[in-house]
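The structure appears below as structure tokens.
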Amino acid sequence: MKKLNAGLIGYKFMGRAHSNAYRQVNHFFNADAYIVPRALCGRNQTAVRAAAEKFGFETYDTDWKSFIKRDDIDFVDITSPSNMHMEMALMAADEKKHIFCEKPLAMTAKDAKTMWKSAKSAGIVHQVGFNYRFVPAIRLAKRLIDEGKLGSIYHFRGLYLQDWIVDPNFPLVWRLDKNVAGSGAHGDINAHIIDLARFLIGDFKKVMGMKKTFIKRRPIVESMDGLSASGISSGNMGDVTVDDASIFMAEFKSGAVGTFEATRFATGRRNGMSFEINGSKGSVKFEFERMNELQYYNASDPSYQQGFKLISATESEHEFAGAWWPPGHIIGYEHTFVHEMYSFVQAICSGLKANPDFEDGYICCKILDAVDNSIKEGGWIDV
Amino acid sequence: MKKLNAGLIGYKFMGRAHSNAYRQVNHFFNADAYIVPRALCGRNQTAVRAAAEKFGFETYDTDWKSFIKRDDIDFVDITSPSNMHMEMALMAADEKKHIFCEKPLAMTAKDAKTMWKSAKSAGIVHQVGFNYRFVPAIRLAKRLIDEGKLGSIYHFRGLYLQDWIVDPNFPLVWRLDKNVAGSGAHGDINAHIIDLARFLIGDFKKVMGMKKTFIKRRPIVESMDGLSASGISSGNMGDVTVDDASIFMAEFKSGAVGTFEATRFATGRRNGMSFEINGSKGSVKFEFERMNELQYYNASDPSYQQGFKLISATESEHEFAGAWWPPGHIIGYEHTFVHEMYSFVQAICSGLKANPDFEDGYICCKILDAVDNSIKEGGWIDV
Amino acid sequence: MKKLNAGLIGYKFMGRAHSNAYRQVNHFFNADAYIVPRALCGRNQTAVRAAAEKFGFETYDTDWKSFIKRDDIDFVDITSPSNMHMEMALMAADEKKHIFCEKPLAMTAKDAKTMWKSAKSAGIVHQVGFNYRFVPAIRLAKRLIDEGKLGSIYHFRGLYLQDWIVDPNFPLVWRLDKNVAGSGAHGDINAHIIDLARFLIGDFKKVMGMKKTFIKRRPIVESMDGLSASGISSGNMGDVTVDDASIFMAEFKSGAVGTFEATRFATGRRNGMSFEINGSKGSVKFEFERMNELQYYNASDPSYQQGFKLISATESEHEFAGAWWPPGHIIGYEHTFVHEMYSFVQAICSGLKANPDFEDGYICCKILDAVDNSIKEGGWIDV
Amino acid sequence: MKKLNAGLIGYKFMGRAHSNAYRQVNHFFNADAYIVPRALCGRNQTAVRAAAEKFGFETYDTDWKSFIKRDDIDFVDITSPSNMHMEMALMAADEKKHIFCEKPLAMTAKDAKTMWKSAKSAGIVHQVGFNYRFVPAIRLAKRLIDEGKLGSIYHFRGLYLQDWIVDPNFPLVWRLDKNVAGSGAHGDINAHIIDLARFLIGDFKKVMGMKKTFIKRRPIVESMDGLSASGISSGNMGDVTVDDASIFMAEFKSGAVGTFEATRFATGRRNGMSFEINGSKGSVKFEFERMNELQYYNASDPSYQQGFKLISATESEHEFAGAWWPPGHIIGYEHTFVHEMYSFVQAICSGLKANPDFEDGYICCKILDAVDNSIKEGGWIDV
């Protein structure tokens, strides 16, 4: 079978998720190619070597520039902090390597557009890591909407609620530094629900938002590689330069209206991504912490039998679910990465466009930027 | 409009629920008669007078025998402890008064049968207080089953979980005294799910059970009327003579199988009555603490859309629900009594049989007795 | 016992709820006065007579002006459409009658202020019908917040989702006419969550919103009294002059941020009022269709035991709950009116301020108006 | 690092789950040895070769006897149908290979005891596949019980509800043939909740049960290897020789009582394993289709704050959970196998007893047999 050599940049949270995905695609899906975990890249030699061994990579590198140029990798998989995405992706496109890049695609819509254009000109396959598109229950929502089961859409209501920095002593990690992360909850998690809204109900027309930073200064810690939350406290405090919460209202081109809220200050909510969509004929509800389930309301049910149905998207008819276990045997977070990586492999092998690709990543950044502008202007901004 | 003078015996928990039901029938339902709260009966003069005033009764009595013979009452409503039911009901039947009697109908199936036969010969309307039959969501379950939506029934699974006597210092109230209460969880709450099983899926064939008393001795308290949990501790301990938990397996005449569990030792479960019914074409689930909701699974839904639907039985099409509020505005525990009292009034006015009547009360006692016999015999007993 | 003669204006949905509350206060609460359902007022003689009989009123009237002046009523209870509130309340204040008035208090903040000032000068007791403040589970949320269990509040997230006009053929009832109703979802249901937010976490600082009317023309029907949804279709269409959905973002004086969404186009949601509040030490969640339950997250639980706890606010310790049934036996929608009417009676008898009073009604209108202004201005408006 | 060569027998459902576990242990856990997927064994050469390639095995075999004797495997992992377990395990013990064996350990308690004794004498590490012991949320239940948080246990209530053979046209697969499977729902799924009850609350004292076969004859199909549900219908019908449902009551040595129900006829329930445990100080509830969650009720919470808490067992403090993803990012069914395989590896490396081992497998079979005897005898049987 055809082999695809993977070159992965980054070995933290996303690095683990992606390298796991390579293995699981090979073992659970009938993909058109076999993914070889060829090379891993990271700045710290000790750490990257240990990660390469743990994750099963054949080799590793510490210099991303020479890494991207290696002859023995077919695609570059970028999971570094956001501020490195563009430079890496532009070089990979130059090298005609296919690219998988984590979200948010770039620090600004302008950069994201550059990345998209460059990837497009290079003729490579490019995909952005909106992994929630690959949840079977969300695919089911998409299917119901595409089949017209919800009719005309009136409302999208999306939340992404986390609580990992509620403690004011939580340190000033890179995700709280605008220069590295670009933004806070805004680009990190509101980006996910923005993309889902587009995926499910279509294009945005205009937005108006607000942001909030509740805790403005936090302790600085010295960590091995500057990326980790653990480490020795320096005794100093530094400014949080990103938002703790990002909220906005939207109108879609279809006339539907939407609300979006992302926060890292929703105490008790660990990873509470959820949405609800109401249409003229039905509605769906989804919560990520019960990601195998979709609730579906069908307004054409007999009146005495109406209600939200709790569907376990674990049947063989549910997209991606059939590759795993019998109905009622749930899958978890990491499976979303397996599904997106499988789709990436299939796109490469077929020569077709990946979905979501850099254009989707760019449009998401455009919406994020429009929200930022609406905050600056104090009013509605067209997307 | 026709008036029906009510004579209510008992003014505690059930007395409050029944007297409230009289008022609410008058104001929310278009019944064929208006219920007059004519007279209240209780042993303690001070207490019964206060209750009569609070509940809106015109008069009160302390002697139940002369009370039942009063010319100015049309029906006798019995909410006294179980050991008084038979004597009171027999006299009321002699007096040709219609009778509403709380469950369990009697201390034994034999007594219950005597009550039923006597009421039947007297030609009066007789009803037993299985109020859970009058929950709109349970009526919906009944409707779905009667319409064949569940197909052939395979399983009934009933629970009634409470925790009000988990504390070993909870005193020896009348409900823990076999001479007054007849039994513990068995007749008090397993009776409810037995009746629901009959109501919903039909007759029992045979049973086999077990009972358990976890706390065998409890403090004796002296209370004003011997019925209350509060009072001055006597410093003495007495034997608990009823079961804390009652569990049994059953086979129905249809071939379905059932499990029944009632306990007062399910810590954290205040009034956890629930059941699930599985048939060849569908299933239903119900939980009393969310009594407005029924879950319904329809096996003929398209495979990718299958799941339990959460129906709020608050639509005007749902039996009894239309008399109250708009959809989604829930009703509560007390409404079950309003519905059963409305049905009782309609039976009296129409001359038709009440449902559930003393025969249903008797059959429930027969099943309770059969479980007791199965425990004595250590094996299956035909009902 | 002291008696209070009630004079109720209106006999539809709210009229039923209020008249029921009078009876239930008398029978379930130990109030300092007994409420006498003295007189009912409505425009249509046949209908008001029937309602008076059904609801148990001693007399009725069809002219509200003479009605308010009657000597035999102690308080006026206003449940007419919003456009009548001010005129009626001003006259009642002139007459030194205590006033209970449904929400929204008035068509504009200006009118509401006039009503408040007039009631205040008259020295009467005045209360506004924010009945959701009287849900025991919401009182529990209030208690937890007041006890500091949630710490500093960061987020309020309120929804009021209904679906009763999703059908484009639903007729042009008075609630869809700006001249009678003032606004649509905005004043009808967003008002409820605005009031709850104030009640629970304090004053608003600024708001920015949007409104949407999805279905702009609807069939006109001729009904007996112009208020009902049923009636003979006129064959004509008319303009919907109110909003179908009202959405806004808010900042509170405390620094907390809030989102508010009210809609009549959330298919499948019959009466989906819900909110979530996140603080530095904990969070609460509430859904009205399961109104007996509050979810509470305590961040100081041991880390391996953290989670949202589902509390059934049916214990005797839960405010108002002890007047009803044992734990786990739920109450329903109508009970909120009983609780508010009980509180109104107690305020009258004690001479203390009612809560919520016309000032609360006025502030709510001020916030509603501020949202309207923010829409006109396209930006943030200080409250 | 030390390597352990795995020899896996069977490549269907359990074969996929076990081979996945090998890989994932290597990549997510810090085990004391690395598992090498050395050899796969199955009867059908074409199928086993394909599976070996898919699952990543280096070699394969079709003769289990020579397979077990191979020098290059360190442990034998048995996932064949139940009727083959004993013969295979006895040979593996003779060969001094460590053994992992799927449940039920054997067709009878007698055989299971022979297997246990033989493994024990051989001095090998032996483990039985009760994978549900390895669910983090169930470990949390265990922890709470062991810490005394539930006090004295009164009730265990276990259900295992499936619906995969409700359709009477579902064919007569090996799991419905007593000679191959031993029993139906009884040994297949009631075995799981029996083991969990033992694991969580201790030893059984006596049992009394019933079994039911609802559909007594089913179509015979010819399949490639006699094990699969798919295949060409033979046009003939055959007898179902196992139970569709298995129900029993139990008393534990501690005095607690239990109910157990396993069925393949609970329409709408795909893999509905659930249990509830009530103790004097608290309770826990678990449902497998939401396997990341445990509900915990603490009776010592302040009375106005009591309720079941929904704990997501995805924190680093939750056993096994820390090896995966951040809190709130759930895991799935397959992870239970990874955890049990990790434990097996650690037992082999440390020389300590595995848990659960063949003795646990034997005791479970003894309880299954006791239930069968209670059915034959029609009464209680001591375990």
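For reference, chains read A, B, C and D in written order, and residue numbers begin at 1 within each chain.
Assume contacts are C-beta pairs under 8 Å (C-beta built on N, C-alpha and C of every residue); 3 or more make two chains touch, one makes a residue touch a chain.
Note that the structure is a prediction, hence the values are computed from the model and not measured.
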Query = Using each chain's Cα centroid, which is most distant from the centroid of chain B?
reply = A
Contact-richer chain pair (by C-beta pairs counted) among A-B and A-D = A-D
Note = Here the gap between chain B and chain D, centre to centre from mean Cα coordinates and rounded to Å, is 41
Message = Between chain A and chain B, what distance separates the C-alpha centroids? Give it in angstrom.
response = 54
Key: Whole-Å gap separating chain A and chain D, where each centre is the average of the chain's CA atoms   = 35
Key: Multi-chain contact residues (two or more partners), chain B   = 269, 306-308, 312
Remark   = Touching chain B in the complex, chain D uses residues 150, 154-155, 157, 159, 161, 163, 166, 208-210, 212, 214, 245, 247-249, 251, 255, 257, 259, 261, 263, 265-269, 276, 278-283, 297, 299, 306-308, 378-380
Chain B - residues contacting chain C, complex = 13, 17, 19-20, 23-24, 26-28, 54-56, 162, 164, 269-272, 288-292, 312, 314, 324-335
Contact footprint of chain D on chain C as seen in their complex = 140, 143-144, 296, 301, 303-312, 315, 317-318
